[in-house]
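Since the structure comes first, as structure tokens, the remarks are kept for the end.
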Amino acid sequence: MKNLFKSNMSIMLVFSAIVLTAPIWLTPLGANYPDLLQKFAIFGLFAVGYNILFGLTGYLSFGHAAFLGVGSYTAVWSLKLLSMNVFLGIILGTIMSGIFALAIGYLSLRRSGIYFSILTLAFAQMAYSLAYSVLTPITNGETGLQIAANDPRYLDSLVGISQQGQGIPSTNFFGVLLKSWDGYFGFYFAAVILILGFYLSLRVFRSPFGLKLRAIKSNQTRMTYTGFNTRPYLLSAFVISGMYAGLAGSLMVAIDPLAGAERMQWTASGEVVLMTILGGVGTLIGPMLGAVVIKYFENIFSALNNSELHQVFNFLPSFLEETMVFIVSPFVGSGWHLTLGALFMLVVIFLPGGMMEGVTKINSFLKRKFGKTDAEESDVSIQQEVQAKAQQGGE
Amino acid sequence: MKKNDTNKSRRTFLKTATASSIAATAPASMFYIKDAFAAEDFRNNPKDSKTVTLGFNVPQSGAYADEGADELRAFKLAVKHLNGEGDGGMMNTMKPSMLKGNGILGKKVAYVTGDTQTKSDAARASAKRMIEKDGALMISGGSSSGVAIAVQGLCQEMGTIFMAGLTHSNDTTGKDKRRYGFRHFFNTEMSGASLGPVLEKEYGNERTAYHLTADYTWGWSQQGSIKKYTEELGWKTKAAVKTPVGAGDFSQFITPVLNSGADVLVLNHYGKDMVNSLTQAVQFGLRDKQVNGKDFQIVVPLFSRLMAQGAGDNIKGILGSTNWNWSLKDAGSQAFVKSFGKEYGNPPSQAAHTCYVQTLLYANACEMAGTFYPPEVIKTLEGYKFDGMGNGATEYRAEDHQCFKDVLVVRGNEKPSSQFDLLEVVQEVPRAQVEYDASLLGGELGPYKV
Amino acid sequence: MDAILIQILNGLDKGAAYALIALGLTLAFGTLGIVNFAHGALFMLGAFCAVTFSKVISFSKQIKDESVTIFDAYKEIPYLEIWWGDFGALIVDFAVPLSIIVAIPVMILVGIIMERGLIKHFYKRTHAEQILVTFGLAIVIQEIIKHFFGANPIPTPAPDIVSGSAAVGALVGLSENLVYPWWRLIYIVFSGLIIFAVFAFLQFTTFGMVVRAGMADRETVGLLGINIQKRFTIVFAIAATVAGLAGVMYSPILPPDYHMGMDFLVLSFVVVVVGGMGSLGGAVAAGFLLGVLQSFASMNEVKSILPGIDQIIIYLVAVVILLVRPRGLMGREGVFED
Amino acid sequence: MTNILEIKGVNKTFGGLHALRDVNLEIYEGETHAIIGPNGAGKSTLLNCCIGKLIPDDGSVTFNGNNMIGVDAHDINHAGMVRVFQTPEIFPELSLLENVLIPALAKRDGTFKFNPFGDIFNEKEIREEAMATLAEFGLEGFSEDHAGSMSRGNKRRLELAMGLIQKPKLLLLDEPTAGMARLDTNNTIDLLKTGKMREMTKVIIEHDMHVVFSLADRISVLARGHIIATGSPEEIKNDPKVKEAYLGEGDHE
């Protein structure tokens, strides 16, 4: 753990550099177009926030997509009623989802374990079903809530901005259109918020508050007898992660002003769970990594077809090329979910710490192989582990 | 490549900002600037490229996936014909036409596809991918009005022309119409206007209707239109119940119909939903019922052959309306059916027809405008009159980008002569009967330049 | 009165599906302690047994359709019909009920493979990890099905003779208006039989006694030196088969697609929770109860008072139960109650 | 001598089982008080009634003059009554240092404090205190190791350290040497007899007589839910009732 925290500053610098240069280094992977980059940033933010709940406290929520949806709807309404400046929409979206998270969290956290998961699932499904049916005046149901040319936008008209007769206005951030720079402004906007959100999560991780959350995950009963009232801690974590979700949801709207009910469905909540686990639950960077991998799969892998596969394998002799394409093709294109599901299972079975654990393992393997001092160290810890296990067995 | 683009648009942005007097005098930063393309440049301008890319965004999963698959077949066929392969299909019957069978403006047509999943979010994401990553110059397709409206909004924002596929809600060319969006398909207002007189003739003036309505823009629109026209006949509306899209099991919505006192069930469903709800309605014995001394009737205002195929015998004798049917005998329809049937072994659906026509219309408009520059293409399409595309003389009305043409009222065929002969045309309702004033549905098209 | 009766029937019909899925789910949970998010996928696999079987036996010969003149079209006629005439056609028609014969061994095998291959390694892991790995498995299973059968629902009709509706009302001397589709009635009866069979098995066989004892106190049974491992596998296979049969019989009601399992999964979890985790009787009772509740909630009279209630009633009940009485209707005290 | 803990007339039944019958007990400030009794005598039940895990049917539990019945466990901790568990209850995934930081933070931050912007690495004062406490128990060398990988003896030390850092007014020890080898047991006895641990008021539940007689100032004997004797080790040794009820059996164990 300590190594991870060695320096706030250097972590943030490296992280920011990687995020901000993404349009460049993602070019060879074909993932450098604004829409996908924005998705990386937004879902990264969502996962980073979700990790504050699931990663730190171990509470598995299957309902966080609901907060994302609430953030989205609030943001669209802010665009419709107040101003096309997304600043307000993002603030309001985050606050509103925080309020929802407070209410749902307050009730759900009365239970733990699988009961907590099912409670959050039930709440989220209710929100989804209602958004789809009775709440259509607010959500516009299946069609999705959009902005219209003749929306009132009271705040904008108050300061004398009128877009009548110009069609549907675009979202802006204090005058700069989010779609400027061919859409890359939207990405940088989301990226800056992601960096801020990541910094916040870093602070939470290394704060006394974060330590207490990790202790709750480790042994909640002990926390109680150590003098902590665990429920407010859990509720704070729940609300914080809910607000991250709301922030992500309103960012989606800032960049593309539309909110659909399907982003609240439980499978959408499942997706953020997948991201977090895949990347490495409880690690700082893992969830972000998971989000990028899944969104990359969803957008690039899913669009691969056989002719592109043939191109990939055309260095092979033709019969081998055919075989490879035959083997690989079920896993790409519309079958990308299969790859995802299989990958996810492998991670849960063999690498419960996610991709980050894989990185650590490879790292220590290399060290063991090439560096002697470290090798000794790890041998010691292995011995200790063996010892501990033997003792447990003896009990 | 990317860097150049960014620089260019940044420059454009600055130019606009300084040129605009609002910008110069704006007091606060909270104002609004319009981005603009210079006349010679626009998003995904093919410039010297030998090909031009079109994006076909169709549902490949979900309740409308059958329609989506057929649309994709039609698109592929249209691309073939545009590139001068195959027998040319409707390119031979379309008039006026400047299509030469050498691509569009001499550039070979390439295409990319996406899956809308019949979800607004997913549809927009895949449209965005096609525009931003694959450089699609035009987006077409879709089999849901919810999706069409969402994608149309996006296309306006991105400055990319959207040639809507199957979308039947009034809102697509009404409340939510866009300058960059065009619809060849008819709408619920036209369905109501054409179906009304036939319903009166067949079922009389004293009927009580019960609506089951897909809960999204199209369902609401169709329910509104049918209600409007049937109530004009003197029908009563007992209840209008909204059902979630893709509900699968409709039994809980159908059972209340049994004892409601209604004698007509209007199913405002489409695709798989309609197949399921109709099948289940028949299973629950609705069609064998007598209510108020009359035979219980089911009406499916929007019909398609694909649905009829799914519903089997249950569809026989049921009335509805459709945009086009393969049994039409005009030269355009025949040419298209022949070409499509030869390629795929079955006749095209109405969804396939509208998508095929839309692709050809777009290509032709580019040829006529002599450029791909969207505002010019839009201006060419607005008010464009054409014929030979299967529905008689047709006009793209400039005010709302809605095509006006004849509408078919059809009935599930009692004695089909072949496995595809599922719909019997009751009446070809002339265009004049279904035309309405553009102001009826409201909306605002928005600017040419974005 | 008719309206009420038909809603009850409809509720029983829905409830039958819920109860059958929840039964297997809670059986696996109660004995094996496994929270199986792939249970919905088993239901879906069952439905696809019916799909596959009916596809195989209606394997067809393509014959040129002379009635289509404008292009070359082909009709498909099942070989069975060509060889055996009407009898062949009858077999094709009865594909769904016949596919039960295939589904039972297939589902048992699937259950055994799943338990031996994966589930067994997760008995000692946390519930969260069980949820996650089975969730992954569910995705994999459904994607495999999607790969072979496509994303679209595949109509799998019931035999012609029961495709209509039964005049239930006239049968019991009530209004003639009261009709109900035959196949749905069959489904209710079928699920009753399956539930009865499972309970009888657990009640009257030694094997069942051990399983019940295991549900009451897993550790003790383990200490008795009984080969728990083998029994666990069999129990899981039974759970899989029950879910699979529920799927087979459901296929004429709802054309199966690869995603149907996920749609039922959440609901059946709710049913299990409402019934009480690990309580077989509770699962069955809650299944039927929620089915009927949902059916009544979707009556227009109810919806006009509480709009949207039909969409959320099941979740609402689950939330209230979890907050007020987490052990559920019939669950034992202390299961997960912390 | 002042009483720090007073248990008066406590009864507790589970179904038909009368686990505690009219238990009266006083713990003096500064003493080490052992509660002994055969298995099932109600020792753990009594302890649980003190720390808020169980609520007695009737009677009173007063700590430092304050009622403790119905008070939440975390508030009882803050009142100054801290429990050390029979099987070491630690935070296995956290490092030893963090394990000790947690109770130190509880002491400082109270039952709840929302401080997500603090920095655990800059909390010099509290870290030094934690390291010092670890050092007292000879654990300073393992401060960065995961607690879960420690030996049982070290886990026990860690838990004592976690109790000690909160500077409790009363430490409740539930069989601190259960399952330990003789050597570890003696080490633990030494730990409890030396340094800060020595002066602390302690209640020890134990059935290893060696431990009890090495540590206790006074002993209470619990049998079938009832306290049959309380007194100095010498008095207890010679009490015939105790011999009959407990010690006789104890030899067999």
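Labels A, B, C and D are assigned to the chains in the order they are written; within every chain, residues are numbered from 1.
Definition applied: a residue touches a chain if its C-beta (ideal position, glycine included) is under 8 Å from a C-beta of that chain, and two chains touch if they have at least 3 such contacts.
Because the structure is a prediction, the values reported are computed rather than measured.
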Length of the shortest touching-chain route, chain A through to chain D: 1
Chain pair, A-B or B-C, that carries the greater number of C-beta contacts: A-B
Chain centre separation in whole Å, for chain D relative to chain C (CA means): 53
Centroid spacing, where centroids are CA-atom means, of chain B and chain C in whole angstrom: 38
Computed distance of Cα centres, chain C from chain A, in Å: 33
Per-residue overlap in chain A, given as positions that touch at least 2 other chains: 132-133, 334
Numbers and ranges of chain B residues touching at least 2 other chains: 60, 244
Inter-chain touch pairs (all): A-B, A-C, A-D, B-C
Of all residues in chain A, those that touch chain D in their complex: 1-2, 5, 203-204, 206-212, 214-215, 217-219, 221-230, 232-233, 236, 240, 381, 384-385, 387-388, 391, 395
Interfacial residue positions of chain C with respect to chain B in the complex: 2-3, 6-7, 10, 13-14, 65, 67-68, 70-75, 151-153, 155, 157, 163-165, 177, 179-181, 183-184, 253-255, 260, 263, 294-295, 298-300, 303, 310-311
Residues on chain B engaged by chain A in the complex (per definition of touch): 2, 5-6, 9-10, 13, 26-35, 43, 60, 112, 114-115, 119-122, 124-125, 128-129, 132-133, 145-146, 149-150, 153-154, 156-158, 175-176, 178-179, 214-217, 242, 244-245, 444-447, 450
Residues of chain C touching chain A in the complex: 35, 118, 121, 127-129, 131-133, 135-140, 142-144, 146-147, 151, 262, 266, 269-270, 273, 277, 307-308, 311-312, 315-316, 318-319, 322-323, 326, 336, 338
Residues of chain D that touch chain A when the two form their complex: 51, 72-74, 77-78, 82-83, 85, 89-95, 98, 101-103, 105-107, 109-121, 123, 144-145, 148-152, 162, 166, 179
